[in-house]
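You will see chain A twice below: alongside chain B first, and alongside chain C after that.
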Partner chain A sequence: MRQIITKRLSMLVLVLLGVTLITFFLSHVIPGDPARMMVGQRASEETLQEVRRQLGLDQPVWVQYFTYMKGLLAGDFGSSIRTQQPVVDDLIKFFPATLELALTAFIIAIVIGIPIGILSAVKKDTSWDHAGRFFSIAGISTPVFWSGLIGILVFYKFFDLLPSSGRIDLTVTPPPTITGLYLFDSLITGNWTAFGNSLWHLALPACTLAFAQLAIVTRQVRASMLEVLGQEYIRTALANGIHGPVLLFRYALRNALIPTITVVGLSFGSLLGGAVVTETIFSWPGMGKYVVESIAFLDFPAIMGFTFVISFGYVIINLLVDLTYYALDPQIKE
Partner chain B sequence: MKRRWSSLFTSSLLVLSLMVSACSSTPASQSQGEAKPAESKPAEAAKPASTTPADTLFVGITSDQGTLDPAVTFDNSAWKITYPTYQRLVEYDGGTTEVKPGLAKEWKVSEDGLTWTFTLAEGNKFSDGTPVTAEAVKFTFDRTLKIKKGPADVYSVIKEIKVDSPTSVTFVLSKNFPPFLSTLAANYGGIVNPKVMEKEQNGDLGQNFLANNTMGSGPYQLSEWRKGEYLKLTLNPNSSVKPALQNIFFKIIPDATAQRLQLEQGEIDIAEGIPNEQLKALKDLPNVEVLQQPSLFVDYIYVNSTKGNPALQNPKVRQALSYAIDYDALTESVQEGYATQMRGPIPKGLWGYDESAPQYKRDVEKAKALLAEAGATNLTIDLLYSDNKAWWETEALALQAFFSDIGVKLNLKKIAYATSREMIDKGEFDLAMGVWSPDFGDPYMFMNYWFDSVNFGLAGNRAFYKNDKVDELVRKAASINDKAEREKLYKEAQLITIDEAPYLYLYQKDFLLPVSKSVKGFVYNPMLEGIYNLAEMSK
Partner chain C sequence: MSGMTANTESISKVATTKPVNPFWYKIRRNPLTLFGLFLLLLILLASIFAPLISSYDPTKINITQRFAPPSGDHWFGTDEVGRDIFTRILYGARLSLGVGVAVVFGAGLIGTVIGAISGYFGGKLDQIIMRLMDIVLAFPSLVLAMAVAATLGPNLQNAMLAIAIIKIPVYVRLARAETLALREKLFVKAAVTFGIKPWRIIARHIIPNALSPVVIQVTLDIGDAILLVATLGFLGLGAQPPTPEWGAMISIGWKYLLDYWWYPTFPGLALFLASCGFNLIGDGIRDILDPKANR
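Here is the complex of A and B:
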C-alpha cells in the first residue's frame, strides 16, 4: 500500500508540472496584453512598457515561466494583475465556497442516486426502472444553466421559498473562518442562524449541480448492479436461501460499488471544475466565478493558480479513488 | 420478497423527500429576519417597488472589482466605488461635461496656460478626520506619477506641483493643455489621504492597501468588501455632506436573468447587467423604469482617405457612402433602436456638439449622382472588422446592403482583433469599423485625435485624413484656454469634416439603466457612465 501511495505521489508531481507548463504557455500565446488592459487603449508606449516591466511581462516567456515556477515551489502563486492581491489569498477566499457547493452536491447525488440505481436494477424493465431512467436521462441532458434558471424561477420567483444568490444573507454575519465551509464552521461554533441561513442559500445551487451528477451515479449503479446480479455467486446465494436486503447490500452492492466509485470519484473532480456555470447563475462566490473574471482580464497568475488547485484536487481525488478501490476489493493487489 | 422490495422503495422515497424538504424549507431565522417581500404571491398585482430599507440602496453589478487605487485603476467599473469615496479638485457639473468647483473653490490659469493655481475650500476632511490640504493634493499627484501606471499617463503633462499655502496649490505644466481641468474631474483626480503611507509595504506607496480600501474625503467610504459577494459603502462620518442613503450595497450578480428577477422582486434597486434585448420586457413592469440617455460611446467607420482604394480619396465618394446609409434602420437592426444617430464627430452630450450642423440622411439618388460626378462607377471596396464587438457582423451586412443600393460592392473582411488593429495602424484597409469613447470631457478627445494629421493610425486619425485647414483649426483650439473661442474653432473644423466625410458617422450607443421607480435623484453624466451621484439620491 505504501509503495502505491509513494508511486502515485511522484506521478502527481509530474502531472502538476505538465499542467503548469501547458497552462502557462497556452495562456501566454493567446493574443492580448494584460498591461494594455490595465493602462487603457490610448496610453503612451512608455507607460505601457513600464507596466509590462512591473508585471514582468517584458521577459521572454520561458524566463517568466521559470520565475513563476521558482515562486510556486516556495508556495508563492504570484500576485493577481486584476486585484493586486496575492493569488493565494484569493484562492483561500474562494476555494472553500466551491468545495462546499461541490461536496454538498456530491452527497445529494450519492444519497439519492444509489437507491434509484439499485431500484432501477432490481425492478428492471418495470415502470420503476423507466421512471428512474427517465429521471437520470433528464439530469444528464439538462444543461445546468437551464435547470438552475428554472429552479430560480420556481423556488425564488413563484414560491418565494429560496434565495436566488449568494452564500448567506447580507444581514447575517458569516461564521468565523475555520475551514471556510460555512455549514461546517457554523455547526462547530454553534451559530445556528448562520447555519440555517447558509443551508437555505446552498439548497438551490447544490440541488441544481447534484441533478446533473445524479444521472451519472444512477446509470452506473444500475449497470453494475445488473451485471453483478446476473453472476453465479448471486445465484448460489439465492439457492442457499439468502435474499432481500442481505443479498442486495451485503453480496451484490459491495461488488457493484467498485466501478461506481471510479466513475463517481472522477465526477467529483469535474464537479469542482464544472461548478463554474452554477456559480455564475447563483452568484456563488467561488473559484469558478473568480477564474471567469480573471480570464476576461487575462490575469495570468490567477488563471494559473486556479488551474493548479483544480488539477491538484483532481489528482488527489484520483488517488483516493484508487485507494478506496484497494480497500473494497482485496483481490486487487499490484 | 415482494414486500421487501417495496419497503426498500419506501425508504429510498423517504430519503428523497427528506432531501427535497431540505432543499426547500425556509429556516426560521430567515422568516423573522430582515425585510423580505411581504408574503408575495405571484398573482399579487400591486407589488411594492422596493422591498429593501429606504436608507439602503442595492445595486446589482456583474463582476467583482479589481484594484480600487485611483492611481492605478483604469477600469470604469471600479470607479462606481471610488468616485463617491474620493473628492476631486473640480467635479463634473450635474449631467454636463463641464466642471464646477469641488475641493477647489476657485482656480486661475496663467496667460500661457502653463500654471494652474487652485484655492481649496476649507472644511473638507478625509474619513479619518484629517483635513484635506494643499499638501494632500501634491501628495496625490506625486504618488500617481511615481506609480507610473495608466493614470500617470494622463497626467504626464504635469511638470511640478507647488504648495503655496495650506489652501493653495499650483500645477506647472510642461506644455499648454486646455483639457487639463477636465482630467482633474475624472476618477484618477481623486485626492488621497497622505496617511496611506503608514500602510506602505515594500515601497508600494500604499498600492496594496488602496487596492482593497478607500482613503478619501468623499461622502462615503468602503466599509466592507466580501469578495465575490458585495461591496458596502457607508457614510464618511467627517464629511460635511449628509446624504439620504446611509448604506449602499453593490451586489455581485453575474447572471443577467438572476439580476432581472431580483429587480422584479424588489431585492435590488438598480440592475446593471441586463442586456438590451431583455430590457423591452422590463419596460412593462409596474415597479421598474428603464432610463435611456445617449452615451459618448460612438460607433463609426474609418474611410481610408489616403492609403486605401484611390476612389476614396475623392470626398464625393465618401459623401456618397454617407448618403447611402439608412441610419434609423441601422440602429434599429443593430442596437434594437437604443442608439442616436451622430451629427458629426462630436457626440451629443459633450460640449462643442453642434445642434445646427448638417446631418446625413439616406438619399440613394444623391449618392448615385455623387458617384457619377466622381467617375467612380462599379466601385468595389473592402470593409475590415473583427469580433471585438458582437454587433459588428450584423452592422457589416447592413452596410453591404445599403451600399449595393447605390451600386457599390462591399467585400466583408472579418479578421482577428489583434491583427485588425495592426492593419488599421498601418492603413491597410478601405473601410474599417471602430468605436471610440472619451477619457475626459473635452471635444479635444474627438477633434484632435480624429483629425490632426500627426495622429495617423491607431493613435486616433484612423481615416488617415489630412486637411491643412482642419489641422490649423484643431491645433489652435488645443493651444488656448478660452472656452468660447475653442468652441468656435471646433465648430468650424466640424463643418469641414462633416462635409468631407473621412468617417461615416453612425451612432452613439444609448446608456440604458433599469432602475426601481422608488429610486429618486439619479442624474446621468455621460462622462461618468456607471457612476452614481449617491449623495444626492434617495429612495
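Here is the complex of A and C:
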C-alpha cells in the first residue's frame, strides 16, 4: 500500500510538472504580445519596453519558466490582464460557486444513476433495459449547452418555475461566507430564506450538468452489475436460497461498485469541463464563466491559472480514486 | 472480364460457406443500433443533397426575413440576418460530421503509429512516450482542448488540432497494448529472424493486426468528437461565424433564446441526433466485436 502511494505521488509530481510545462509553453508560442495588450495600441515604445521588463518578457523563455514556477510554488499565478487582479484571488473568489455546482450535480448523478443502472442490469433485454440504455446514450449525446438551453426554455420561459441565471436573488442577502458554498453556509447559520433561494437557483444548472454525468454512471453500473451477476458465487448464493434485495445489494452491488468508483471518479474531469459550459449558459459566477470571459480577452495568466488549478484538482481526485480502489478491492493488495 | 469472374466466384463462395453474414445479422437484431444507422444515413443524405432539398443559400443575408418563426417557408425559422436555419443546418452537417470523422481518424492513425512504435521498441523510448501520454491524460479533456485552442487562436483548424491532441493518448495506449502481445507472436518473431527492418515489421505486421480495438474506439469516439467541436464552437473557440457550423450557430443563437426560441434549438437538435447516431452505432459495434463487453 505504501509502495503504491509513493509511486503514485512521484507520478503526481511528474504530471504536474508536465501540466505547467504544457500550459507555460503554450502561452509562449502565441503570436500575440501580452505587454502590448496591457498597455494598449497607442502606448509609446518606451512604455512597452518598460512593461515588458516588468513582466519579465525580455528574459529567455527558460528563465521565464523558472520565474513562473517559482511564483507558482508560492501560489502566484500572475495578474489577470482583464480584471487587473491577481489570478489567485480571482480563482479563490469564483471557486466555491463551481464546487457547489459540480458537487450537487455529482450527487444527483449518483443518486439517480446507480438505481437506473441496477434496474437495467437486472431487467436485462427487457423494455426497462432498452429504455435505460437509450436514456444513457441520449445523456452522452446531448451537448451540455443544448440541454441547458432547453431547460431554460421549458422551466423558465414556458412554465416560469425556475430562475435562469445567478446563484441567489438580488433581493436575498447571501449567507455569511464560511465555506463559500451558499447551501452549506445558509444551512449551518439557519438562514432558511437563503437556503431555499439558492437551492431554487441551483436546481436547473445542477440538473443540466448531472444529465451528462448520469449517463456515465448508469452505463458503468449496468456493465459491472451484469458482470458480477454472471459470476459463480452469485449462482451459489442463488442455489442456497438467497435472492431478492439481499442478493442484489449485499452480494452483487458491493463488488459491482468497485469498477464504478474508478469510472465515476475519472468522469469528474468531464464534469469540470461541463461546468465551464453550464456556468456560461446560466450566468453562474464560477471559475468556468471566469475562464470563458478571459478567453475572449486572450487573458493568458487567467486561462493558465484556471487550467493549472483544474488539472491539479483532477490529478488529486484520480489519486484518491485509485487509493479507494486499492482499499476496497482486497485482490489487488500486492 | 476476369475481374467479373473473380467477383462472381467470391459471391458464390460466400453464399455457400456463409449463408448469413453474422455481423449484419447481429446488427439487425439490435434495434437501437439500427436506429442509429438510420439516423446517420438520414443526416448524411440530407447533407449531401442539401442543394436539392433547400433552395436557400446558407450564407446569404436577407434582412427583411430576420427572425421569421418556423413556417412552411422556413421550416426551422430564420436567424438574426434572415438566413434560413434549416438550410444552414443541412450545410453545417457536412462540416460537423466531416470534422468529427476527420479528427478521430487523424488521432486514431497518429496514436496507433506512436503506440506501435512505443510497444515494439520498448525501453527508454516507451517510458518517455507513455509518461507524455499520462501527462496529456492528466488534464480534464475539454479544459485542455480549450487551453490549446485559446492559445493557438480561435478557428476551426486549431479546434480540430486541440481535439486530436486530447484523443491521441487513448489510441497510443490501445495500440501499445496490442503491440506488446503481437511482438511475442511467432509470425513477428519469424519476420525478425528473416532480418526484416523494424519499420517494415511495424507497418506490415504489427499495425494491421492491432487495428481492431482501434476501430472500435474510433466509432465510439466520433460522437464525442462532434460534440467537442461544437462545444469549442459554442465557446467561440472553433469555427467562426458566418460559417454554418452547429456549435457556432448555437453560440450566437442562445443569446436570442428567450425571444426567438427556434434559433439555438434546432442546431442543437441536429447536433444531438448526429452524436446519438454515432454513439448508438459505436455501442452496437462494440457489443458485436468485443466478446468481453457485456450486453
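As a working rule, the second predicted complex is superposed on the first by the 325 of 334 C-alpha atoms of A that agree within 3 Å, B and C clash if a C-alpha of one lies under 4 Å from a C-alpha of the other, contacts with A are read in each partner's own complex, and residues count from 1 in each chain.
In this section, contacts are C-beta pairs under 8 Å (C-beta built on N, C-alpha and C of every residue); 3 or more make two chains touch, one makes a residue touch a chain.
Worth saying up front: this structure is predicted, and the values here are computed from it rather than measured.
S.K.: Output check: A:258 vs chain B and chain C. Expected answer is one of first, second, both, neither. What do you get?
M.R.: In the superposition, A:258 contacts neither chain B nor chain C.
S.K.: By the touch definition at the top of the document, which applies to A:300: first (chain B), second (chain C), both, or neither?
M.R.: second
S.K.: What is the contact status of A:42 with respect to chain B (first) and chain C (second): first, second, both, or neither?
M.R.: The answer is first: A:42 touches chain B but not chain C.
S.K.: Check the contacts made with chain A and report whether chain B or chain C touches more of its residues.
M.R.: For chain A, the partner with the higher number of touched residues is B.
S.K.: Would you check which partner chain A:187 touches, where first means chain B only, second means chain C only, and both and neither mean what they say?
M.R.: Neither partner.
S.K.: Considering only touches as defined above, state whether A:273 meets chain B (first), chain C (second), both or neither.
M.R.: second
S.K.: Regarding the shared-chain residue A:157, is it in contact with chain B (first), chain C (second), both, or neither?
M.R.: A:157 sits against chain B and chain C alike.
S.K.: In the superposed arrangement, which partner chain does A:290 touch: chain B (first), chain C (second), both, or neither?
M.R.: Touch partner of A:290: chain B, not chain C.
S.K.: Touching A:15 in the superposition: chain B (first), chain C (second), both, neither?
M.R.: The answer is second: A:15 touches chain C but not chain B.
S.K.: Just to be sure I read the superposition right, which of the two partners does A:282 touch: chain B = first, chain C = second, or both, or neither?
M.R.: The answer is first: A:282 touches chain B but not chain C.
S.K.: So which bits of chain A does chain B touch that chain C touches too?
M.R.: 31, 149, 152-153, 157, 280-281, 292, 296
S.K.: In their complex, what parts of chain A are in touch with chain C?
M.R.: Checking each residue of chain A against chain C gives 11, 14-15, 18-19, 22-23, 26-27, 29-31, 130, 133-134, 137-138, 140-146, 149-150, 152-153, 157, 223, 226-227, 230, 269-270, 272-274, 276-277, 280-281, 291-292, 295-296, 298, 300, 303-304, 306-307, 310-311, 314-315, 318.
S.K.: Which bits of chain A are touching chain B when the two form their complex?
M.R.: Listed in rising order, the residues are 31-32, 38-40, 42-44, 47, 50-51, 54, 82-85, 90, 93-94, 97, 108, 111-112, 115-116, 118-119, 122-123, 128, 149, 152-153, 155-158, 160-162, 164-167, 169-172, 174, 192-193, 196-197, 199-200, 203-204, 206-207, 243-245, 248, 280-286, 289-290, 292-293, 296-297.
S.K.: Can you name the residues of chain B that touch chain A in the complex?
M.R.: Residue positions touching the partner: 1, 4-5, 8-9, 11-12, 15-16, 19, 22-30, 33-34, 36-37, 40-42, 63-67, 69, 72, 74, 148-150, 152-153, 156, 207-208, 211-212, 226-230, 232, 249, 251-255, 257-258, 261-262, 264-265, 267, 416-418, 439, 449, 459-460.
S.K.: List the residues on chain C that touch chain A in their complex, please.
M.R.: For chain C paired with chain A, touching residues are 31-32, 131-132, 134-135, 138-144, 146-148, 150-153, 223-224, 227, 230-231, 234-237, 247, 250, 254, 257-258, 261, 264-265, 268-269, 271-272, 275-276, 279-280, 283, 293-294.
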